[in-house]
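Should a chain be cited, it is by its letter among A, B, C and D, assigned in written order, with residues numbered from 1 in that chain.
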Amino acid sequence: MKNYVHKVNYYECDRMGVTHHSNYIRFMEETRIYAMEQMGYGFERMEAEGVVSPVTAISVNYKKPTTFPDEIEIELKVLEMSNLKMRFGYRMTVRGALVCTAESTHCFLEGGRPVVLEKRFPELYAKFKEIMDAQQ
Amino acid sequence: MKNYVHKVNYYECDRMGVTHHSNYIRFMEETRIYAMEQMGYGFERMEAEGVVSPVTAISVNYKKPTTFPDEIEIELKVLEMSNLKMRFGYRMTVRGALVCTAESTHCFLEGGRPVVLEKRFPELYAKFKEIMDAQQ
Amino acid sequence: MKNYVHKVNYYECDRMGVTHHSNYIRFMEETRIYAMEQMGYGFERMEAEGVVSPVTAISVNYKKPTTFPDEIEIELKVLEMSNLKMRFGYRMTVRGALVCTAESTHCFLEGGRPVVLEKRFPELYAKFKEIMDAQQ
Amino acid sequence: MKNYVHKVNYYECDRMGVTHHSNYIRFMEETRIYAMEQMGYGFERMEAEGVVSPVTAISVNYKKPTTFPDEIEIELKVLEMSNLKMRFGYRMTVRGALVCTAESTHCFLEGGRPVVLEKRFPELYAKFKEIMDAQQ
């Protein structure tokens, strides 16, 4: 899977002159969506089927500030897959230097109720599983 | 009707150290919603009935920069009401000094189709009309 | 110290109809700034003296979705104070129901170099310490 | 000059399920910055020389809603160049259909004072002029 690249926008930087820390959470979402696109399974397809994938937890470690017009390269890892949740890892670098590491945990809901990804979207599940296994 | 006050947040300021110009569009939305609340007609009530009110046009004149932690006082005017659209005016000041003027135009849609506000929400229409007339 | 209240804005909600998870990071910043104001020590005063306080880590647990026009009440706790970092805790509720818990860790920099808060801003340090001790 | 393409992000869509109207202002900024990059004159270079280019006015006409994951293609035009201001035009399309037109007006400031672009950055001025003339 290819890494995602987010080019920092001018308006994403704050008064300190650096990318506002809240924006990394958005870059993480962009990365997940990009990964699903690469798997041939766009996020909007899941949504169109009435399944949403809320974030239940995130943690972020900011290592170095970034700023406009840095290009942040983001590597996505699948850290955990269980019946009811998925956990992703993120490694962000700018010109090779580590700037941020992060994790996000997700569940899957349909009509407000938990969905077992493996049953509901076996194909997508298999692709994530394959990526996870390939990482090890 | 009372003026709305938006206190500029740290994260709303950009690398130049001033409130990013895109955020004023959001302050305008906050002002409209605040006005509807004061009329006893929350925006979410309109939405709950299946009517949305997209913005069809905006124009903004930036007079002076603002920054964190400025308090922007925003006066809302109803400039025009017709069958299919409403036009609002905004006058934004910080400690009495004019910082921004703006306008926004809106239509009303239900199930994707234009709605005549006066027929669909006569009570809300009457309140906006009253405000418009009181201004003159 | 009074709790901070953030009223969710329309534009802070996403396609799922709920507050986008990235925005909670911004509410956390608003809460810290509000706390400093209450201490009589506005954030801009620290900045004016050339000291910035970057976030080095955050973690957030999303318990329940919130949406426009919910009022999120945010309780700030000082969890840890050491020479080079501070750690805050956040407990967010809507009408009494827990919606989110979070933590953020910060350092203090002046001209790019670490600052010992206790030495550089003894008054501010004392106030945070007082709050931390009062919590226990 | 190549058109800029902004792929709508999930978090840029609102409760109505469409791109929030404030975000188009940001896409316009991205487009200007992309144009300057193509001219070999990155925006950060101007900023590094101490010159900033605040937006003094914008106007936007929203023609059709867009949503995630639409790709908005944005054509930039130079509408006006005078000693103290520049005015740009934007034409945004999705799969060929017009979704938005807009304009923005800018001045140039150095140390808070107006700068005559033609004198301060003759090379950049010449490039914009060339683009403007080529459009006609």
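To be clear about the criterion, a contact is a pair of C-beta atoms (placed from the backbone, for glycine too) under 8 Å apart; a residue touches a chain by one contact, two chains touch by 3 or more.
It should be emphasised that the depicted structure is a prediction, and the values quoted were computed from it without experimental measurement.
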Copies subunit D and subunit C - interface residue numbers shared by over half, same or different: same
Chain located farthest away, centre of subunit A as origin (C-alpha): B
A-B or B-D - the one linked by more C-beta pairs in contact: B-D
Cα-centroid distance, subunit B relative to subunit C, in whole angstrom: 29
Rounded Å distance between subunit A and subunit B, as computed from the means of their C-alpha atoms: 34
Intercentroid distance (Cα basis), subunit D paired with subunit B, Å: 24
Shared interface positions of subunit B, touching two or more other chains: 10-11, 15, 22, 26, 29, 68
Touching residues on subunit A, where the partner in the complex is subunit D: 9-11, 26, 29-30, 33, 37, 42-44, 68-69
Touch list for subunit C against partner subunit A, complex: 15-16, 18, 21-23, 25-26, 29, 47, 52, 54-62, 65
Contact footprint of subunit D on subunit C as seen in their complex: 10-11, 13-15, 17, 20, 22, 67-68
